[in-house]
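Chain nomenclature is as follows: A, B, C and D, assigned in order of appearance, with residue numbering initiated at 1 for each chain independently.
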Amino acid sequence: MVDTLIKVDLSESPYTNEKIHNRWHPDIPMACWVEPGDDFRVETYDWTGGQIKNDNDAADVRDVDLKQVHFLSGPIGVKGAQPGDLLEVEILDIGTFDNSLWGFNGFFSKQNGGGFLTEHFPEAQKSIWDFHGMFTSSRHVPGVKYAGLIHPGLIGCLPDHKMLDMWNTREKALVSTDPDRIPELAALPDGGPSAHMGSLKGDARDKAAANGARTVPPREHGGNCDIKDLSRGAKVYFPVYIDGAGLSMGDLHFSQGDGEITFCGAIEMAGWLHIKVSLLKDGMQKYGVKNPIFKPSPIVPKYDDYLIFEGISVDEQGTQHYLDVHIAYRQACLNAIEYLKKFGYTGAQAYAILGTAPVQGHISGVVDIPNACATLWLPTDIFEFDIMPGADGPTKYLDGKIDVPLAPDL
Amino acid sequence: MVDTLIKVDLSESPYTNEKIHNRWHPDIPMACWVEPGDDFRVETYDWTGGQIKNDNDAADVRDVDLKQVHFLSGPIGVKGAQPGDLLEVEILDIGTFDNSLWGFNGFFSKQNGGGFLTEHFPEAQKSIWDFHGMFTSSRHVPGVKYAGLIHPGLIGCLPDHKMLDMWNTREKALVSTDPDRIPELAALPDGGPSAHMGSLKGDARDKAAANGARTVPPREHGGNCDIKDLSRGAKVYFPVYIDGAGLSMGDLHFSQGDGEITFCGAIEMAGWLHIKVSLLKDGMQKYGVKNPIFKPSPIVPKYDDYLIFEGISVDEQGTQHYLDVHIAYRQACLNAIEYLKKFGYTGAQAYAILGTAPVQGHISGVVDIPNACATLWLPTDIFEFDIMPGADGPTKYLDGKIDVPLAPDL
Amino acid sequence: MVDTLIKVDLSESPYTNEKIHNRWHPDIPMACWVEPGDDFRVETYDWTGGQIKNDNDAADVRDVDLKQVHFLSGPIGVKGAQPGDLLEVEILDIGTFDNSLWGFNGFFSKQNGGGFLTEHFPEAQKSIWDFHGMFTSSRHVPGVKYAGLIHPGLIGCLPDHKMLDMWNTREKALVSTDPDRIPELAALPDGGPSAHMGSLKGDARDKAAANGARTVPPREHGGNCDIKDLSRGAKVYFPVYIDGAGLSMGDLHFSQGDGEITFCGAIEMAGWLHIKVSLLKDGMQKYGVKNPIFKPSPIVPKYDDYLIFEGISVDEQGTQHYLDVHIAYRQACLNAIEYLKKFGYTGAQAYAILGTAPVQGHISGVVDIPNACATLWLPTDIFEFDIMPGADGPTKYLDGKIDVPLAPDL
Amino acid sequence: MVDTLIKVDLSESPYTNEKIHNRWHPDIPMACWVEPGDDFRVETYDWTGGQIKNDNDAADVRDVDLKQVHFLSGPIGVKGAQPGDLLEVEILDIGTFDNSLWGFNGFFSKQNGGGFLTEHFPEAQKSIWDFHGMFTSSRHVPGVKYAGLIHPGLIGCLPDHKMLDMWNTREKALVSTDPDRIPELAALPDGGPSAHMGSLKGDARDKAAANGARTVPPREHGGNCDIKDLSRGAKVYFPVYIDGAGLSMGDLHFSQGDGEITFCGAIEMAGWLHIKVSLLKDGMQKYGVKNPIFKPSPIVPKYDDYLIFEGISVDEQGTQHYLDVHIAYRQACLNAIEYLKKFGYTGAQAYAILGTAPVQGHISGVVDIPNACATLWLPTDIFEFDIMPGADGPTKYLDGKIDVPLAPDL
């Protein structure tokens, strides 16, 4: 029997649960304490805390309150952990709840969150993915089925005050370069009612909430890295900044492609993690570690037959950019979407596949001025039909009658 | 017996060989013609045409004439190929020359070419890699040895005039934004004596050379993609723009990491390719293909145990950038270099390993504003010692007596 | 929510559960019925029905009642299934019970069951393996830890009367060649109280029990194949002999090596399967299928660095046998055991590792008279230390203080 | 430039080459000497020394003189090697000759050699396989193409007199149990003109030839193991029995399935090896090594999507055998052949595929009395069409007009 240290009740608001928080701040009290060497379970909400429903209407995606995200379980105190240590986290397993065997993927409206291809898909759409044991498929995206590479999109330790200040300072500086931009350039602290500071109450809560860092970006501590390979079975080494470390986690994904390009997001789910923690004393200095490092899992889905798409840093308007991998990867994604449309997928379905399936995104060339080259690796075994090119041309397997529900901007 | 359609003599200048060229232009005459379904061999110079020597002095890297690069073998005409077709190229094999069993890797001086980490390694350095059958090791970088993932860094078909004009126009526009920058923002056409237009002579040669596109960047036709996975055994589908296609190739690499971050370059070598060509008539429209697509090889080195480093788009000075994968990958690379230094490598050796070994660079997160997240996957089995983290801290296996030769700027 | 069609209570005897049986017979009533396309869960006892305990005493292994094995869950009727069909079984997942996170491995006494190396390990021994999420390790076998390749050792459909008669006839013929041999040459029907015929009662039960086939050997229908790769995620095609098919399963293994050489057995456990069933009408004839065929899972542990041991069909006494793969594999196993002893393992520990870890056993040569050649592939990444050969010789990592408990014959 | 220590001229008889031999005997003089740490090339004949031609007539297979086989290149003396050492052989590369880009596979007549399925295919048949760079295909077996897993079928060190005597003694004992059997139970020494004792001449040659062990079976020293995974890139540790070790090799295979079930054989070819030798002094005792051990290559073809066939130890006549893996594997092979026939292959073509493609043969169960269970893993990606089972039944892709040439017994 393994102890579950943090439990969640999906029928209740995460704001009622004191072992949940949605901001990074060193003053958030530990939700529980463990010893180095302990293993235990932690339950988590989905990243939105239940805002998105298992139905065929994308209005909830359109109207999502992004100030609430991400609901994290923690922080977990590790006895003896000190600043400068590395916290080794072995992810022994991750699972779903028997009463919640589904997840969602969506594209946010450009007016409320946006995404990687928001210029091409400016309105909210949503697909629901059902879990069949290790596998998933969607009633909104026919013809694909794959085993999950389950992972937490977000995991890391609390920052200390110095690091928190650095984060806030540099992100404010970026926002100030274009403060009216939609979507915004960065999500700055917001101390309003959306901030959930765990068990912190009263003035202390308000003070911390006022400058608690938002959870959206990955940072030095890891955080919202959305690395699909940080999956169950992986061993991760996190920098420790405060006494007790304060490990928090959430934003579980049943499956995701490199880049999490749909932003909302991977296949998002509630669920649980079984982890084991250990300490490497003074590991940051010993190994010269600034950001987390990790060893991937020995047990991941084998989707290793690929069709690979290239993209270069010339944008959709034909403008040349200088070694811009972001644009190059966008072109590779757009190329893949155009290709999949030839087999009968709608653009939104193809986009959803790239966001949810275990596609790889490689930085293939970053020195051949002025073009970066990025490649998108599409696993062919996830399709129920043959998508390889041939002399006869593509077969249109799908008739387009099924699509990903869209909720127009109001 | 397989026919060798293009031969090179490494003891002679590539300028004496009419089946070689170093610019992209539709007027370059075909070096030879083949039928769809044919397989044949093509020999190539190294990308610099022999400028870099097998010695312990990096002066040749510092003084390299980059206007000469890349020396390509071709163009090869494919009978029946027409604009809009896809040219299927199956890379049946790639090999070394028995009298040239070595390759080079280097960092260009920031004054002459630069590279991904040119701010950190601003002066020219060079390492020599010996080939032992399928394996390579370097007298300048002890402790690593790996099987080669041999591939052409550069391969593609000739552009038509319209595409060529588009390339030149957009690249000139970029350069004009900062024309005095060093290194330059893009390599524009240069019709001087460095231009090798194959068998084109006289005025026709001069005219073509004057606007022949440089070979440095990858573009719509593929070209200098430096994709390590486009290796022997891969099947590639290239867009065709002119009658006969005009396939050229060169810049062979014995091994390379994602990004080819050292720029000079991978493990660069002369050698030969054995390829087979076929046509997918009207394939560009049928499959919606703009850039090449490919199926990777069934036979690649299995270095699948990794230690993974994360990087985010905050630069070395702490400045926050918006979803910049280029900066994020640079941070991941710098993190890996710092880590390897703890085991005794010099920074230059670590940099050389990242540029030459089959490291993977993944675009891990591109939507979590404002930080992109990139990961560098370092294969641990290429090292002769254990580089995994542990409670005891790293062992310094190397004493630093051996390093990568450096040639200071003059 | 997935329905659990067959439940087990580990605190109660399997004989009290009418949805369990331990003989193969067409008259055993279906425990439940499903439709093609249904997915559902099935719980199972461990193969011995709880005879082996989580302690440090091998007496229970020595005294095991093998007439009771294997306790299977089923038979499950599939509506519309007819003789000649193929029943497609997709194993969507397999899991452990939260209150039973351990398994056992052992060697039977030569007097009661024996095993592959029973001449070398003639007395009963037992090791207990704890489950840590996806991983397992044993307090009796230090220095190894691995992810589980969970699978049912036994699964298949009920025979019809004709097939049952054929089984009994040919096995009786074999036993009659040496009827007094210990261990016996085959386990013949035994209609005594050990036989559990599901919900069959009275005379019908007695009649069926009298000639119900024992579950020990694999046969045409699959059955006790002990194929480690028939794991969660696999898709299996079973011959159907009777109306409704009658699918039964059990004998779950957390992990096992090719051959299941320890016989008692793999890492044996109670647990549950989540499966989906479909029909390929008349599939046996259409595909020429006599024994089950299957597609392995896309998600299996990646232990792909191996040290490989060879064995030939010359036995321990130096006697030459003719192309005998069984002897050749035994020699390869003995060679691996001798090797592991050099690192400090006892013979019993090494034997337990070969029986439980995902080792591969290959039939490498079967035509080079008179020697068959078999190879045992030992995954090196399951060890916490380096077991590769080197010029300095092996390091003795273990001091021999810990061993696998032994229960001497009485 | 790598030195080629042993050269062969395919247009000349191997009997004219003193660096070739076809018997194992300690008195065969070293063909050359090397130092530990040296790397060098060795050329080899095909195993029959050129008896089989690149044509469409199987008469040469029917009439092959098996007393001549196998022609080995060597022995190579390694300075300082002593009995009890382990000779580490790193196979740096293996290649084909440009003027011999083909290989053969065949089934011997039951009257002259036989094979694994000789009762089912009693007459001589032959297929020719062309090499296209890394790939092979056959004009006699349409619809398959695969990358080669090139390896020496035969490699090992010379025995000392004691070991040689042991071999001869035990093999004679076996033959004496059924001396008139066809095919014979073992190939005993034959000192006639077929014996090639390298540079040994006169009486010494005759004496050695009289008891020189035939090369057919694998033995303690390795020898004719026909292990497909002992391929280029592998590192093998051979027992040393005499001063200088005396390493010999030959019987190159472009590709082979586990078991080399067709006996004549894999895809047999002439070619060259590039190897490096080192010594582990006293390694046999240090590591408890009796037979060779090896680490497989990091670079092998990735054919990892399988359809798996089971077989049990009940023979074609329905007779029950006791844990006989040889019979179980034969049944798995026969099951796979029946399956492939449903797609249009002839039995002989299917048999040829199983013998030449990188199929795996696993010893899946060896303790479940009385049936052994073996599995044959057929890689599905080697086929140009889909061979997976489905509800619609198989498609007959081939019309049977092409077959493997057969030469009836005379």
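FYI, a contact is a pair of C-beta atoms (placed from the backbone, for glycine too) under 8 Å apart; a residue touches a chain by one contact, two chains touch by 3 or more.
Values in this document were obtained by computation on a predicted structure and should not be read as measured data.
The chain pair B-C and the chain pair C-D differ in C-beta contact count, and the higher one is C-D. Comparing the centres of all chains, each the average of its CA atoms, the largest separation from chain C belongs to B.
Distance between chain centres (mean CA atoms), chain A to chain C: 40 Å. Between the Cα centres of chain B and chain C there is a gap of 51 Å.
Separating the CA-averaged centres of chain C and chain D is a span of 32 Å. Counting only residues that touch two or more partner chains, chain C has 302, 305, 381.
On the side of chain B, the complex with chain C involves touching residues 302, 304-305, 381, 386.
Interface residues of chain B facing chain D in the complex, by the touch rule stated above, are 1-2, 39, 91-93, 98-99, 101, 132-135, 146-147, 232-233, 274, 276, 297-303, 381. Interface of chain C with chain D (complex): residues 86, 88, 115-116, 166, 170-171, 173-174, 183-187, 216-220, 222, 224-229, 237, 258-263, 265, 278-283, 286-296, 305-312, 314, 318-326, 329, 331-332, 335, 338-339, 341-342, 360-375, 388-391, 393-394.
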